[in-house]
Amino acid sequence: MTVNDIHSINLKIFTSFNCFGCIHWLYQMLNRVIIMNFEHSELCQQYLERVRAFMQEHIFPVEAQIMRENHEINGHGDWTRWQVPGQIKALKQKAKEQGLWNLFLPDAELGQGLSCVDYAPLAEEMGKCLFGAEIFNCNAPDTGNMEVLYHFGSEAQKDQWLTPLLAGEIRSVFGMTEPDVASSDATNMQASITLDGDEVVVNGRKWWTTGLGHPDAKIAIVMGLTDASAEKHSQHSMVLVPLDAPGVKIERMLTACGDYDAPYGHGEMSFTDVRVPKANIIMGLGKGFAIAQGRLGPGRIHHCMRAIGAAERSLELMIKRGASREAFGKPLIKLGGNLERVAQARMLIEQARLLTLNAAWKIDNLGVKKAMTEISAIKVVVPNMLQTVVDMAIQMHGGMGVSGDTPLYGFSVMARSLRLADGPDEVHMGMVSRLELAKYK
Amino acid sequence: MTVNDIHSINLKIFTSFNCFGCIHWLYQMLNRVIIMNFEHSELCQQYLERVRAFMQEHIFPVEAQIMRENHEINGHGDWTRWQVPGQIKALKQKAKEQGLWNLFLPDAELGQGLSCVDYAPLAEEMGKCLFGAEIFNCNAPDTGNMEVLYHFGSEAQKDQWLTPLLAGEIRSVFGMTEPDVASSDATNMQASITLDGDEVVVNGRKWWTTGLGHPDAKIAIVMGLTDASAEKHSQHSMVLVPLDAPGVKIERMLTACGDYDAPYGHGEMSFTDVRVPKANIIMGLGKGFAIAQGRLGPGRIHHCMRAIGAAERSLELMIKRGASREAFGKPLIKLGGNLERVAQARMLIEQARLLTLNAAWKIDNLGVKKAMTEISAIKVVVPNMLQTVVDMAIQMHGGMGVSGDTPLYGFSVMARSLRLADGPDEVHMGMVSRLELAKYK
Amino acid sequence: MTVNDIHSINLKIFTSFNCFGCIHWLYQMLNRVIIMNFEHSELCQQYLERVRAFMQEHIFPVEAQIMRENHEINGHGDWTRWQVPGQIKALKQKAKEQGLWNLFLPDAELGQGLSCVDYAPLAEEMGKCLFGAEIFNCNAPDTGNMEVLYHFGSEAQKDQWLTPLLAGEIRSVFGMTEPDVASSDATNMQASITLDGDEVVVNGRKWWTTGLGHPDAKIAIVMGLTDASAEKHSQHSMVLVPLDAPGVKIERMLTACGDYDAPYGHGEMSFTDVRVPKANIIMGLGKGFAIAQGRLGPGRIHHCMRAIGAAERSLELMIKRGASREAFGKPLIKLGGNLERVAQARMLIEQARLLTLNAAWKIDNLGVKKAMTEISAIKVVVPNMLQTVVDMAIQMHGGMGVSGDTPLYGFSVMARSLRLADGPDEVHMGMVSRLELAKYK
Amino acid sequence: MTVNDIHSINLKIFTSFNCFGCIHWLYQMLNRVIIMNFEHSELCQQYLERVRAFMQEHIFPVEAQIMRENHEINGHGDWTRWQVPGQIKALKQKAKEQGLWNLFLPDAELGQGLSCVDYAPLAEEMGKCLFGAEIFNCNAPDTGNMEVLYHFGSEAQKDQWLTPLLAGEIRSVFGMTEPDVASSDATNMQASITLDGDEVVVNGRKWWTTGLGHPDAKIAIVMGLTDASAEKHSQHSMVLVPLDAPGVKIERMLTACGDYDAPYGHGEMSFTDVRVPKANIIMGLGKGFAIAQGRLGPGRIHHCMRAIGAAERSLELMIKRGASREAFGKPLIKLGGNLERVAQARMLIEQARLLTLNAAWKIDNLGVKKAMTEISAIKVVVPNMLQTVVDMAIQMHGGMGVSGDTPLYGFSVMARSLRLADGPDEVHMGMVSRLELAKYK
């Protein structure tokens, strides 16, 4: 008897309902069936099928072509000339029309009302294509920034920035990491955000500001130091800074793993006496860490699930390539330890996915604070898993694996960068061990 | 809002039930809450607390003492003199009286009606002590043998062997592995089980027959070749062979990782023209593989969950030791990469547990056949995880870690042996990759 | 000439001396001292100091500047516009004037008379800068091609191609890998080299032809199939094909790990009825494998030693960065497992270097054929070591580690590519295991 | 005397010869050939062949039989009844008669005049059998103790203890590790060694005192605290304590990895007001660390080379087993990733051996102090390598691999214990990283 059978029984019982005596039994049975369940909800399953179909029909067939087009028009370091490939725009429009839009946002009106657990498998699906999330308006850093505005923004802030972001009309960036200090310890941050009458003055330098080179990038959420004398996690603030504000300067785009990641780009930018209205402060001065914590939980689920999708795609490519080429009289997949690599990839992926889904479930049901171990754990485990899996897949492809002819090398860049973005592995392992030791105090 | 809150809401809704209109809503909401749930059921939670309390109160306080007593009376290779430590007997009696008995068996009357998923956390708890499962009559190979008899045995077989096994009055062994062939390929098996009138004749040699040295061992389930001309997986049979049958000879006990594992022992035994009644055949001639497959699924969950318990205990010991000893002016736990090891252990354990629970859930809900990837995957992942975790814990203990003064070395033997028992890692990776490749055919 | 030969020579010399008394002592002492010696020879030591000084004085101070200049003029995919940075040309001229030129070539006149063992530490030194080897005219694939011409070329071939290559006036490429077959099994090769009267006709397609985009690239050594009916390793030939020969077409440059590696480039090229004089065949038809084997031995030493230099540089950068940045109140290098990573890097590097030097020593003293295990072993061990070490160094640098601001990411590309170039890890492990099993036959 | 010294001597000798013409050539050639040489010296080669022949003829044929005999007579925890198997005594006598005796001792009269580099390959050979070193009187801890007495003992101490140890008539133990403190930081040591008139008083508790259970064990070298106010590395002393001195008590034998290691044993012992003559102090009060440092260098070479021998033997057994058993229609060795494991084992072993030989060469030529990185590095690398290799070999053997039927499990115990003995991996990685960082200060 599967869960689905149980469900139809439930429904029958419900519809013939008039004896209260069976409630206790029902509750007991629900306890038996409900709990520890590894299946997707119907809502999730429904969207999953739609996203999957969209990708099969509209994205994968033109994936290579779009990658080439993007390389042709954006394959240079002059970010001021970057453009969005036309096919990307068309695909976004189509997804929007189909209601496959802003799936990441739990709100039923602004998004599609999907919980973190429900969205996770969709993010995995999107992650199978390097620009998948973009098509569904589910791309970082906009997702995190929209979440910040959704949860912590004022109505005015929402009107001005959340609405066009949700519509996919503009893009946003997040200014956190700084070149001059070890930003893995966020309390090191030196950029300053200070109040001067009705204005906020921002000074400092940020880098690894993803999306800064995008032609539609209009607004930055900037984190900086407001009051060094306050309690450690109340010293920093977040403020909305339009990219055309006087004093904001884009210094350069950085290559990440040799790639500009055009048309997004990872920028280095400076703020010199930049003045914005006081109303641009999010939540209040000193609330930077509180917002950051809320922002990062779901965002890490999204990143990790996309990475899991990338790993699934890598494994698929690895098997297909291995089965279709021959050397020494056998398909590559049967040579040496290749079959064991397939098994290892499968075992690593399954574990990483379950770990991430469990973290998502904890965020949904217990809140981010009670999911700190889980959130840090996936941040370490998943990108490392992807790095391992994609490395094996590359190896199976020979030279083609490091070329631009497959998405594999892009996935490997994704893995490598994720091991640093939002805190390096080492910082997250530190968090996991700190919480572990705390159990014994 | 946590799941428990939802539940109480549910209950309130149910008890005020008289509008059919809300059924659809309720069903929807249940879908949202029910599915993808990582919590234990109440039944599980209840037993878990009882098992945990039993171990805290009755087992851990005397654990070291029992290990010493066992070493004193059984610390030699002469298995004919092995005895069960008196304290073990007393603890088993106490557990039986409390109804913490045969928890592994899903049957509500003979066992406690716990599904594989519900039992899994209990097995983990038991695994924290090397003889934990024994106390609750949940020890291998008896559990697997009881499952075979429960699912496939005739009424007469059940009366004769299942009943006293469930009562903990006798013990059983399982004769599968053979010294002369690579038994990881079970079709290599050479022992013969042939019909001769109303009798079955057994010839051959088996080793790694766990429990063979136990004073209460009375019965063996033996697997052997019946018809080499039949279809590959219908050639073998299983038959019940009393250990006092003429022609059954215990050749010796083997050390496993230097340990006789007294008073159980891993035996080498020979069968020379052993004759038992035809009625001792389980299910029918040629059904050996069918039974073996059914036997192994839940058994692997049990083994793996115990191994996860052993890993949790190892991590606990590692942290406690590391926090209580100093070198170079700091607690050991803060030296070098030790904190990262804590994090790695936590991340490995969480992943292994989720993988195993997912496998258990698949067995419960989809059946063993649809859980083949998962069952093979945990068989590889979990013992390797335990080996890694316990290795780090040993390292933190210095010389004490390899001594008999902690359970750590026992756990490491458990890990090492499990990587071979029921098929080596390599065979299970082969299974995982075969199923993976089959997706593309 | 092996060491034993030398010993007998020594002995002869000694015994023809007048003072017989000290010969025995001397011989004994030589035995004690000579053998198993891990020191550099004086010749090696002398060149090592000169190369080191050159790099300290002339290369490292302008390294970042040259990398930037190269990125500026060549940071695009249009290889027809690639140029050699002026500073590179100047540095090469300076090195040539100082006699730090063609150090790789054992010949005392054309090169500097350095054995493989003597050159190895120089290659390591050069490898600390991504363009180090280039400066000393010791860059692949020219080195390998020069070795082919030196050892196997006719006088006419030497005059026409070796001389300008040694002078650094032109560059060469090597056409081996093909896009349509798994080229790790070189017998798969499909490009054809056939004799037609006094001409050789070449047809086929090659890719990963390194250096093909370089403005000075003039000549290709192409390997292809001549006679499919011959003995397996006598079917292929190598022929010299000028890049301006009719029918030679450069189809495109490939990115390797997202990088065009300008101004060298990794090209895909086609040969359509290309005709060159018969005299362009190297050694003779069917000699392709014989040449390839000779070519690869020393070449792998060079690659591996450069990779070891890259690893040393990575470790240096890792320590310096880790010591100069603070987080959580400590230098990064003292956080978490970072110090253990330093130790692991040191241990991995030392082992990889000794393994490579031992391989070099075997090539020098026993010949390539008796060093097959060693040559394959370093091909696996060293790039994997570099990948591990540079990965740790990147991690210590945070985002900067994957940027173009340090040579680290370039080193990681070097490591990743080397695991595929000249046969993937898996093929070389296959070679090592085959030779190992052969010991028991 | 370093190599450079030798060279200047050479030059002087050469220049005093009559034939000046060839000197320059000879010197050049020596430079080319002498330096960076990976061959054994003739002395080494000669002894290596003799040891190898002895093991082939006299040890391997009876190895299994001796292991069984030892298990039969000593397979219990009552160390007071342990005996030396008769065959062991006979083999030792034979080796002594052949002059294959005390090979570890560099002294030409008391030993065979072999340097550390020359002895290393012999130790490797001995390590292929678990009791190999014992046969040649080259077993720890006697070797280390003999070295202490040889280098630092007074004439009286040598007469009384070194002479019978060299003759193999008695055995010795070394008391360093203590149960109550983290002894990896040797400055933690609490046992006290204090002067009282003409006597030395020893108090404290030691464990992991290897060899303490041996019937011939007569003397302990005990390290303890003399003056806590002295400079950190001058606080401790070493003193000779006869095991029959009043106040010396053997508390128990410990199992190491489940094994008593009879008839040697790892003991826990207590010293209660034990009084020995002042003359029993080695070198002087406060010289404990100075002696320990000198003791450990060559000892680690010995341990590591034996471990390398064990790894070679494991690989041999792995290949032979894998080639001789079939499963799924193929020899095991050709299934899954097994051939890659062979290659990995070969690559790990070669690297570990070269690392160890290089360390030995540094000890011989530069002294222990200049070889600290190397000595710590091998202490980490080699036992981990053995653990990996033997784990793979066990896996290839299936259940037999963890039984007592092969030496594999014994080798795995050797590996596991060595990762803790003489300082755990972590302490040695700490040493390597400390020395590495010191390069940048």
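Per-chain residue numbering starts at 1, and chain names A, B, C and D are given in the order in which the chains are listed.
Operating definition for what follows: contacts are C-beta pairs under 8 Å (C-beta built on N, C-alpha and C of every residue); 3 or more make two chains touch, one makes a residue touch a chain.
Quick caveat, the model's predicted, so the values are computed rather than measured.
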item	value
Given chain C and chain D, the chains that contact each of them	A, B
A-C against B-C, pair bridged by the larger set of C-beta contacts	A-C
Distance between the centres, which are taken as Cα means, of chain C and chain B, whole angstrom	53
Intercentroid distance (Cα basis), chain C paired with chain A, Å	40
Shared-contact residues (touching 2 or more other chains) in chain A	336-337, 339-340, 426, 429-430
Of all residues in chain D, those that touch chain C in their complex	3, 6, 10, 13, 16-19, 22, 26, 29-44, 115, 117-118, 315-316, 319-320, 323, 333, 339-340, 342-344, 346-347, 350-352, 354-355, 357-358, 361-362, 373-374, 377, 380-381, 426, 428-434, 436-437, 440
Sites on chain B touched by chain D in the complex	71, 75-77, 177, 179, 181-185, 188, 207-208, 254-259, 266, 325-328, 332, 335-338, 394-395, 398-405, 409, 412-413, 416-417, 419-421, 424-427, 429-430
Contact footprint of chain D on chain A as seen in their complex	336-337, 339-341
